[in-house]
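Below, each structure is written out as structure tokens.
Each of the next two complexes has subunit A plus one other chain: subunit B in the first, subunit C in the second.
Entry: the complex of A and B
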């Protein structure tokens, strides 16, 4: 009798440390963030914190700059993650399939090295590459095309930088997925007279569909919260031209000292991330049916 | 038995880690015999760091058993305020003594970061040497004093005499209105290619420097200001405000000012004074009295000829209205933190740093205008810098920022408006409208703001 209950208690007990750690370091900050979003907590300027209900969200609704930042975030996510990293990663993985090992190693090595560079260093590399006195203009100088790319085309600049940095991840995911596609299927399709494009569309893509969805979900969530790269390259400027929601959030919290408002924005970002995830998870389920 | 033991050990470990993470609420980490001093060190501003190193030795020699821990915060101005606030938010990291901008003092008092020091000041003979204006700088709305001033400053137009000679502008240059300033800049642009005619700090990169050296030097030369003292309301709409923004727009549109992309760089101020002026690449710069401290022997860019090459002129009012010139004054204080373990010892450090000799040394090194009568009268001070007399005289026409708790938000909104206008992202009226909306929501609603005509 006791032998049946004791292990169960021990089993539950064994979770206690993990649960406690989760509560303290995972749920704790999250609950604090949700609570702060409904207060006027400030970095300085007032000692007490008042519960102000949904005021922060009402302000946000009427804040044109917030909507602008949300739009830029969407452009950034779709441009750099969904289209850029995802497509480029798939393309590289497809092109590398079945090549000679030296070429494979060289190309993957180069792409992955961009990924291993710390975010701030990557941001600074691109800053010095695109800046008015930078390398790109050194090359373009004679053509009269030189300009400060960070100033004239800030969104394009940060999107390019993020594609450069993040493509390796998608490439690795797709390389793994493509390894699982049985070569016999390709051969059979080829024998049946399918062109390369038809083989890709009707054989390869359906088979790696789940990897595509998983990859999309991961890179979307990563890119949604991207801060360091943009901050280093443009600080959200000039003006507000590249001020995505994480940048605007930082500015409101730490430069205008409105921690409560900043946290409320973070909460909205969290919800948006959740919506994206839901959509992708939905896609996986549909695939399973 | 064994799994249970492991479990118990794990649980104990977790609890320890968790409770250590939460931390104690008292000044657990630093003991009362260690005095932490937080201050800014950035770009060309290295004088305070140099001097505090010396004062640390002096203090430790005089107070056996006490140690001074210097915490230089290497960050631009806006980031310095942020980092200092973050340090202050937890008693474990809050410094005992901090370098505090006069404009932020009410904000920080309201947040409960600073300790009143009246009882110590009463016992400090030197306090009588401070001017009344200086004593007021550290006094809060509650009537208590929260900081000892280190020196003040004024602002005016610096100009390159060689550039002026090439452009054919007569010296001494004494502009009587904004139009005179613009006319001189246009002449330089036309006659001296390769030289930036006029530098006015603008946008978020320059931080408070853009608000104060740039925008407020213009605004306080019009009929309007930022705050209505009688009504106790912020002025969010006025002709002076739009005129000042229009001035900014004009100099950037006509390319009299530096390229916006350069001007928006947080390191722009350093570049102006270490590169452009010393190499004769800048005509006029609206800047502070302290910039010559960059060029003296102990500065970050020694330039022995600066006093021969550069002239200075007071910033005129918009159309020459009395008193004909204008200036802005700020300054910094040393304050004692509300969480200081030993407030008396912390104050002793402040009074050592700001005794006559050390103030004299600092004011000379950092190009500050003395706020101690004994320092101001000292021949060593008067002879230290040829520009000192000019900038000290501007104290007569100077203005102070409305240093209320909401000021930092208003200042930030001004920088946003300047940036929108200088980059051409918004026309002047739209930027002014955004400013009015932003300030109205930041200061707590329409009944806290007003407009002036």
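Entry: the complex of A and C
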């Protein structure tokens, strides 16, 4: 590789637009967040903002609703991403391997179309699907199981909706990973009399281990701060039954005007995200660095 | 494995796949049906009356045209700015090894994981302090900044695949780095530039939370926000119209995605993302 042909100034100049944007509009708010989490800044327009130390964090520590929201976020991430999307995506990718092209096209086409639909529209689809008079009750009606699912099982409802919306990502990751598994290994194991399950466990899964871990990190990060889907479907309700931390943070900041407290919660989310992101950066193989 | 065991096994696999297909299709069903039922409400009672009246009813300046135009300006502006800044930044990252570049690249990769939703409260506080709320250009600047980490990462991976030898010839002819970037690398990177542009455009077209927080006046809001307002105002009574609106709003994204996957293969949007 040829180096040092371009003058140093030009090389740094090339970074300028990106650096400027990132510094002002990305790093800026982050630094601002650290500052305002320690203030009582509110949306009411009052000009005097006071430095109140760690008060917001003390409030948070004693706020049962915050802990409830954190718990619901964990349930949402584990239920919809780690268990739902990840397992279903892997299962679909495995089952589609070597099937006829029509079946492959149809199934992955449907799974991917759920993924391409904008968040708000996905929320509408599931709202009308699970509503009292919706499609699901139309199907279940004869069994006497019909109910307003958004009201009786709000967390299950938003988890299922997010599995529906996000499975395509995991499926695509696993389809790509499975393409790299040499078929000879499989045949050899089959000749040795290994059952389908044994082949999966001792040949396929170890070979795609890296993809599994990377996928888990990425979908956790994508799910952690999900807002639109839950907000459209339940608004965090009924009561606080599906109020995950992003929803609670939004309500405290923009409905109860507690921007300082909302920012403190945002910081907690950011720190959790940063930890997962660091693990992800360590995992990914960066060849050209 | 014997044929006797293979048969039932195959059948079971196809049954599971059929179940998956049906489960993924059902949530769409009412949206599609309701859009062509003139008196559709939330209930899934299908009548034999079909018409495109719902589509005709929403095709007005206030419901569809202005919000979609706003979406085009916001998503298009963000994608253009992102592609511009990402291309410039990707060049030195792809062509020279330096300590700064290394740190920058790690920082970029780390930032792709940060939850943007969480940043929105401080962004709002900052924007209202500097009176930048309700401004479309200010919104575009933030959206471009938040799209940049992933865009730079993708762009660098695309640029890495353009051989450096092609440039060396230009350098000996005395061309500067900007010239060789413009005349040699960019023409060879049209597919990569298109992928980054479309990916950013599609992501921002669907972005609800950021404009929901930063834009207050209905006249400048994109379709992702106005469709939500429409839903919370008329969703119960005019579900058919909401469904028609949702389909018209979703269509461009689906068409773009289909076109892209025809040209670049199914997993186009994952390019450069997961190399684990």
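Everything below uses one rule, namely that the second predicted complex is superposed on the first by the 266 of 289 C-alpha atoms of A that agree within 3 Å, B and C clash if a C-alpha of one lies under 4 Å from a C-alpha of the other, contacts with A are read in each partner's own complex, and residues count from 1 in each chain.
The criterion applied here is as follows: a residue touches a chain if its C-beta (ideal position, glycine included) is under 8 Å from a C-beta of that chain, and two chains touch if they have at least 3 such contacts.
Because the structure is a prediction, the values reported are computed rather than measured.
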Contacts of A:256 with subunit B and subunit C, given as first, second, both or neither: first
First, second, both or neither for A:174, with subunit B first and subunit C second: neither
First (subunit B), second (subunit C), both or neither touched by A:214: second
Touched partner set for A:17, first subunit B, second subunit C, both or neither: both
Subunit A residues touched - subunit C or subunit B, whichever exceeds: C
Partner chain(s) touched by A:32 [first = subunit B, second = subunit C, both, neither]: second
Contacts of A:273 with subunit B and subunit C, given as first, second, both or neither: second
Partner chain in contact with A:248 - subunit B first, subunit C second, else both or neither: neither
On subunit A, positions contacted by subunit B and by subunit C: 10, 14, 16-17, 21, 24-25, 132, 254
Of all residues in subunit A, those that touch subunit B in their complex: 10, 13-14, 16-17, 20-21, 24-25, 42-47, 59, 132, 148, 150-151, 235, 237-241, 254-258
Partner subunit A, residues of subunit C touching it in the complex: 1, 9, 13-14, 16-17, 20-21, 23-31, 34, 41-45, 81, 84-86, 88-89, 91-92, 94-98, 102, 104-106, 109-126, 141-142, 144-146, 148-149, 152, 160, 164, 168, 171, 176-178, 202, 205-206, 208-209, 213, 224, 227-228, 231, 235, 239, 242-243, 246, 249-250, 253-254, 257, 266-267, 270, 273-276
Subunit A to subunit C touching residues, read off their complex: 1-6, 10-12, 14-19, 21-22, 24-26, 28-30, 32-33, 36, 41, 88, 91-92, 95-96, 99, 103, 106-108, 110-114, 116-121, 124-126, 128-129, 131-136, 138-139, 161, 164, 169, 172-173, 175-176, 190, 196, 210-211, 213-215, 217-218, 221, 224-228, 232, 246, 249-250, 253-254, 259, 262-263, 265-267, 269-270, 273-274, 276-278, 280-281, 283-286, 288-289
Partner subunit A, residues of subunit B touching it in the complex: 3-4, 7, 10-11, 13-15, 17-18, 21, 78, 81-82, 85-86, 88-89, 104, 107-108, 110-113, 203-205, 260-261, 264, 405-406, 408-409, 412, 419-420, 423, 425-426, 441-442
